[in-house]
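Please read through the structure below; I'll follow up with questions.
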Amino acid sequence: MKAPALAADELTRLLTAEFPQVWSHESGLSIENVWFGGCQLRQAFRDRSLRPGATISGATIMALGDYAVYVALLGSIGWEPLAVTTSLNINFLRKPGCVDLLADCELIKIGKRLVIGEVMIREGGEDGPVAHLTSTYSIPPRP
Amino acid sequence: MKAPALAADELTRLLTAEFPQVWSHESGLSIENVWFGGCQLRQAFRDRSLRPGATISGATIMALGDYAVYVALLGSIGWEPLAVTTSLNINFLRKPGCVDLLADCELIKIGKRLVIGEVMIREGGEDGPVAHLTSTYSIPPRP
Amino acid sequence: MKAPALAADELTRLLTAEFPQVWSHESGLSIENVWFGGCQLRQAFRDRSLRPGATISGATIMALGDYAVYVALLGSIGWEPLAVTTSLNINFLRKPGCVDLLADCELIKIGKRLVIGEVMIREGGEDGPVAHLTSTYSIPPRP
Amino acid sequence: MKAPALAADELTRLLTAEFPQVWSHESGLSIENVWFGGCQLRQAFRDRSLRPGATISGATIMALGDYAVYVALLGSIGWEPLAVTTSLNINFLRKPGCVDLLADCELIKIGKRLVIGEVMIREGGEDGPVAHLTSTYSIPPRP
């Protein structure tokens, strides 16, 4: 794996400072690994992620996937916190249990204006996929 | 507008009891209106929805859209809380300011197994759309 | 309806000249109406659109929807034939019979770089929708 | 790679008989390889696939991706020609030149009712991806 533009601990420090609504201890999100072109995030299980059926809400899973592409982008092109999602598509494959989730992201396009990532989300400790997502980010032009 | 299977106040009562992680006063989500085939939800602005750029996070907007299809489904076919999202697609059209968001949902398919909804999200008090979303729910078979 | 930048007959003339692979009598595609912000296309039934099950192939329906956004774009911002699709999402709602299809397109974003359209496809003479699609086009920068 | 339920030559024979609108010599589509859980298709370059900009039309690329999931499904669960697409999402990554395209499909869910595939499309002889697609098929219930 090629070295990232920003390492996991540096990214965590920057995100905690700039985006504390999501990157705080309370949210349960953490960067397991980051490299040029991809990353792995973990979403620790939280009671507040529950939905009827003793499973994790789709909103939690979508957010995890979207943040995975954001982290892979920042880890690949450097600190561009104003990059924003322009579109996202997700297929839910199987209802997860009440456990941690892992998101494995691979960028399939790294352009000057657009970055597109693909993410497979699965239960920690399991092989079976929970959801598959693609998401496009737009990078604001440099002034 | 055709009368819903469940009115807004009844739906709010049931959701608050069964899905308190999302349907609580704290979340800022509320049902403005519901009818057979659609609904309107409001997401009150919350500091915790902020993301870099003084705008509302994509995760907040996606969740709002997804819940709008869930409420329209429940309001149209009755209380099926175990219905789950099978796929979702969203296009972000414009970054919203730090204001309430409104989600207008119309169901485009009401089948026995699948319900598909289309949602336009905009800033409260404004006409310009913020995001457009389609989402498919699967209804569990009756035993 | 606001007047288009290019009227239907002018658009048909230009498309037939520049994009004859699709805009020929043989293809069965035609512009029923175009206005600023939208259009209606017709896909005449063709035997070559059939697929197993005596229905029209998904590929035919997707192409119709994608071309509808292209025509609405050209009719709204003028002749930009090098505009290209960057993403497309479609939900198939019901299998059509062996009949003409109509595509009603409304643009939901008309930006300088991106145009996003939403399309409902239905059988000619029927109300029930066959498919719903959103598609994003990128407009090449002017030199 | 695990053996498919139907080998490439058998699939080609069946598809040519049942779906001649697409699976004929004229269309330029062929099965390069099929295994349990995936396949590779080739779309030979055809003049009729051209669009303005000396590139291949999005409709051609979408159709190739959709057929790849169909072939992977048939190769994995056996002859179910009435399986139909229920949704499809595609991101176009780069405009291809006037060359053959290859579609590599991997199924990410093989359920009783739904099959979901992911497809990367690239130019034959090149590594750079042209488009990435996910598509869901519904399998009709056995009577």
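First chain written, first letter: the chains are A, B, C and D, and each begins at residue 1.
Basically, contacts are C-beta pairs under 8 Å (C-beta built on N, C-alpha and C of every residue); 3 or more make two chains touch, one makes a residue touch a chain.
Remember, it's a predicted structure, so these values are computed and weren't measured experimentally.
Colleague: The A-D interface: which of C-D, A-C or B-C repeats it, judged by over half of the contact pairs being the same residue numbers?
Modeller: Answer for the repeat of A-D: B-C.
Colleague: Report the chain whose CA-based centre is farthest from the CA-based centre of subunit B.
Modeller: D
Colleague: Could you state the distance in Å from the CA-based centre of subunit B to that of subunit D?
Modeller: The answer is 34 Å.
Colleague: Taking the mean of the CA coordinates per chain, how far is subunit A from subunit B in Å?
Modeller: 23
Colleague: Provide the list of subunit B residues touching at least two other chains, using ranges where the numbers run on.
Modeller: 86-87, 89, 91, 136, in rising order.
Colleague: Taking the touch rule as given, give the residues of subunit B at its contact with subunit A in the complex, in rising order.
Modeller: Contact set of subunit B toward subunit A: 18-19, 21-22, 47-53, 55, 57-59, 62-63, 66-67, 81-82, 84-92, 95.
Colleague: Note which residues of subunit B are touching subunit C in the complex, please.
Modeller: By the definition above, subunit B touches subunit C via 89, 91, 93-94, 108-109, 116, 118, 120, 129, 132, 134, 136.
Colleague: Please name which positions on subunit A make contact with subunit C in the complex.
Modeller: Those residues of subunit A that touch subunit C are 86-87, 89, 114, 136.
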